[in-house]
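First chain written, first letter: the chains are A, B, C and D, and each begins at residue 1.
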Amino acid sequence: MKRLGKERLHFTIGPFNEPVLRVKPGETLIVETEDAFIGMIRKPGDWKDNSRIPWGNPVSGPIYIEGAEKGDTLIVDVKEIKPLIGQGATRVASLAILSGVVPLERFLKTEIPRKVWICPIKNGLIYWREDLPLPYRPMIGTIGTAPEKQAISTGLAGAHGGNLDLPDICPGNRLFLPVFVEGALLHIGDVHALQGDGELCGTAIEMPAEITLTIDLIKGKAIGWPRIESEKYIMAVGVGKPLEDAIRIAFSQLIFWLEEEYGFDTLDAYNLCTHVGEIGIGYYLQSSVVARFPKDYLPKKRGNQIYCI
Amino acid sequence: MKRLGKERLHFTIGPFNEPVLRVKPGETLIVETEDAFIGMIRKPGDWKDNSRIPWGNPVSGPIYIEGAEKGDTLIVDVKEIKPLIGQGATRVASLAILSGVVPLERFLKTEIPRKVWICPIKNGLIYWREDLPLPYRPMIGTIGTAPEKQAISTGLAGAHGGNLDLPDICPGNRLFLPVFVEGALLHIGDVHALQGDGELCGTAIEMPAEITLTIDLIKGKAIGWPRIESEKYIMAVGVGKPLEDAIRIAFSQLIFWLEEEYGFDTLDAYNLCTHVGEIGIGYYLQSSVVARFPKDYLPKKRGNQIYCI
Amino acid sequence: MKRLGKERLHFTIGPFNEPVLRVKPGETLIVETEDAFIGMIRKPGDWKDNSRIPWGNPVSGPIYIEGAEKGDTLIVDVKEIKPLIGQGATRVASLAILSGVVPLERFLKTEIPRKVWICPIKNGLIYWREDLPLPYRPMIGTIGTAPEKQAISTGLAGAHGGNLDLPDICPGNRLFLPVFVEGALLHIGDVHALQGDGELCGTAIEMPAEITLTIDLIKGKAIGWPRIESEKYIMAVGVGKPLEDAIRIAFSQLIFWLEEEYGFDTLDAYNLCTHVGEIGIGYYLQSSVVARFPKDYLPKKRGNQIYCI
Amino acid sequence: MKRLGKERLHFTIGPFNEPVLRVKPGETLIVETEDAFIGMIRKPGDWKDNSRIPWGNPVSGPIYIEGAEKGDTLIVDVKEIKPLIGQGATRVASLAILSGVVPLERFLKTEIPRKVWICPIKNGLIYWREDLPLPYRPMIGTIGTAPEKQAISTGLAGAHGGNLDLPDICPGNRLFLPVFVEGALLHIGDVHALQGDGELCGTAIEMPAEITLTIDLIKGKAIGWPRIESEKYIMAVGVGKPLEDAIRIAFSQLIFWLEEEYGFDTLDAYNLCTHVGEIGIGYYLQSSVVARFPKDYLPKKRGNQIYCI
């Protein structure tokens, strides 16, 4: 099985990054990723030194998928995510995340208190505090294909994926991404050992990780935005600010999908999503959203077949 | 058991509405409510005639709770919700709800298609279509106490409750509301047989209903915003636009609650909500939000005791 | 000339407030108003005591306009605004206004610095600091007619007017307000001696004032939102959050107005507003907006005739 | 004088674009730019063919400024803007711009009407319609320096400048841009013959143009966001969604500037901006904003000296 190390890291997702691995549709591979702090927070007392590296969320890759061309859809089956060093880390860096775009420290002539948690991970538990273990539910925070012309910061999300921070991108689930350039150029990083809805303080339990993935390709079929499929749901992703717009985008995508692939009338799909639709929120200040539709209400079950597209 | 009929309906929640029933803390009662369409949509072909009544979301009440005074907290235990006429109704009224504040019909010189669904309810199922039954999961859409000076439209939500449209206000759960005036003046209406996250098209499966409630009172303890408690969660409600602000309000309330009642340090509570917090969205254009914290991670289990306040 | 004192103040605008003066269409009158601090900040060292009165923005009135009925439009010509006590006051109360809905003081366990400025007004200048006089450009911050059912806080704005905080509501300009109830019930208060776009810190130079107004009435013609007319512009008001929605509302109103009254095709009006439209922002966290169209580009000049409706 | 033609166009602003011209600080040069439609709309009946080129807003450049390094500030004095072909063009492409992110045409199974205006420009007038000439007030819509790692679409704006669509970037005014990479790499395009506040329908009067600029450099002084200086104002630019956040960013920058360069106390600057601050809005769905402070209220006049930094 091919394995991609985390020696080469990028802070953008784009067509200018040189591929470091080539895989064929159908291949399973392992990707190692660094954490969002670029490994600068490993023990109590550590802090991320922005004067050294002002960016975060490094991604491994890009991976070149053979045969992928503009207008195809890339399939990423997330098989397994393991911690690389047996621990994760989290912190409170700034209340600005809770309170918005204004640099409060500068206004108040004061420093916001900083706090770091180093969290051992063992036996399916994350020891946020020794007496308060949390469940290990790993997910990929940042994953995307190269846009055609732009090189987009790994701090941002969009139609190409990117910093989606959606807990639904986890082992057992299938992610669909649009392909914009030859080879697709898949970038992956920013794994979270656990993250709640909205990623309130902006920093989940971040960890360097080893991800097992299977890659596949749907030729000649394009999607406008990423999609996700789990055992229970089909899901459409939307990104936009404010969150109302992200929700509109995600549900619009879901409605068109129900129309095209499942034969629903547009207004029926619109109304039905009102009753059984669910919303998941990634990082609430980044405004990534997933709109979920339960497979139970799809017109026909199609077994293991790809539902999505 | 006292029973309040739905003869007297209001389109505002406020201190000017005359109480129609008086109950004591600890009493259980039944309240009948009209649906959001004021009963105008009962069979195929019906439509809501805005020229006759331009408002929606009528509420029954107000109920005067004896002994309630400004600064107290009202407890509403939702025991049971039954359909009054064995059916619900839903519709697509306007794409404006999906696309915002602009009156598109007028811009486009066209009429947006209208569609109504009459949905029989039996054996725990809602027949949205004969071949597509949905689960019966009833909830109260609009419930609130009178503000001190304002009379607020039943289409709006706020610190007093109102049109929250949160599926967590359902049988088995406990709602806490601030008391602003003598007697609290509880208003209730707008029951939904089922509603998804965000209430996408603005109209859930609306039904006239019979609600069984137990009322209680916490004297001398004030809360800034409504709270909800279920078997699994403590939940803080926030209302604000855009949704980012509603989320900030709800999580701020949750964090202060974890600090005051459960002894968490502020930064700890802030960080922990990042990992295990959940977000529920009421009507996404009304911007009501609930932030949930799982009881599993509260420092001590306190049995059947009120966790909340 | 009739004169309304500021003995009776209200903190809501609604149909439950008893009229204190009756005027006929065509009458000119003087209205005295208290400042937004309810007079609690008159000298250095003063502060607004929220434990005594938790509200702000008191309004005088309501004024009953004879003959006004639901569906009419009220005209308010602002003739003159004079300071009542030769000074105004302003303050920085909270950075929360700059940074949003989160109660930062509580999060940071600190107090935000408070500062008050008492500003003498003389010879057309406001002495914000002795060496930094600002121009006296008075305006009415809060003015509105009673909604049909709601009693709306004087801190809020909407289709009824209210806390618009628009510098265009000033001497020389004409304000049009919808009439929802018999007598219109006009409420007025919250005069500013000067206010910039957006009212950044939430508190302009607030002053008790004496306003000279002429009231008139257009029978049987309804408007959806307030409008303003100046020598140079016709203006449509919109209120909504986020500001993008307020802008959409204001420009939609302006476009329909250009269509109905001036014969523009809808798309022409839409495109033309792109080139010559102007935007004024009231209090940016309240999201009141005015969209202005220069009279120079209206198809025909109609002299002193009412352009508006 | 050096002249840059519009043969080489880019649809991103970034460090990967090869410089096509080198200038020294102090040099004056002429830059030709293509219009936002890439020249596809030149006569009635033309339309922009997105199947041929899916992007818009092409920029000329980049221009390499000798001696410019990361941490410097670039000065661009806009001297003159002339139409290249004696006309501009505008259109209504979609109501989506007015109504948000949802693809309405697809929902409504209808086409939104399209309309194009070809507008001759002569004697300082733009003939939007033969009988309705508008004033010629040219401005640069898109101008920016290369970010360090990202290649940002020319449809977007940010701290690097980009698609700001601010009428204040016009002849007579001075623009300050941060320098992120060696040579600064200035990109310019998307000239508007006229644009109102907010650029309502998303398309101003677009024209290919000839711009005369003088370039200068401030060594070793960094700014976080673009700034503008006119005869009457110093101005800080902010970009963010919703507009409330853009306003917060712009005013924060302005306040820190008043503090650092003009000796104002932070709270004084915050309060004073409330009274005399002005807001200009670029393209309201792109959320670029300028906060203006009138030079009249700066503590000391410094003649022709650069006020800004």
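Note that in this section a contact is a pair of C-beta atoms (placed from the backbone, for glycine too) under 8 Å apart; a residue touches a chain by one contact, two chains touch by 3 or more.
Since the model is a prediction, treat every value here as computed from it, not as a measurement.
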item	value
Centroid comparison with subunit C (C-alpha atoms), farthest chain	A
Between C-D and B-C, the pair joined by more C-beta contacts	C-D
Centroid distance [mean C-alpha coordinates] between subunit D and subunit B, Å	46
Separation of subunit C from subunit D, taking each centre as the mean of its C-alpha atoms, in whole Å	32
Subunit B residues counted as touching two or more neighbouring chains	98-100, 102, 107, 241-242, 248, 252
Complex interface listing, subunit B residues touching subunit D	95, 98-100, 102, 104, 107-108, 110, 112, 242
Of all residues in subunit C, those that touch subunit D in their complex	90-92, 98-99, 113, 115, 117, 128, 132, 134, 194-205, 241-244, 247-248, 251-252, 267-268, 270-279, 281, 284-285, 287, 297
Subunit D-touching residues of subunit A, taken from the complex the two chains share	11-12, 14, 16, 55, 100-103, 106-107, 109, 149-153, 240-242, 245, 248-249, 252, 256, 266
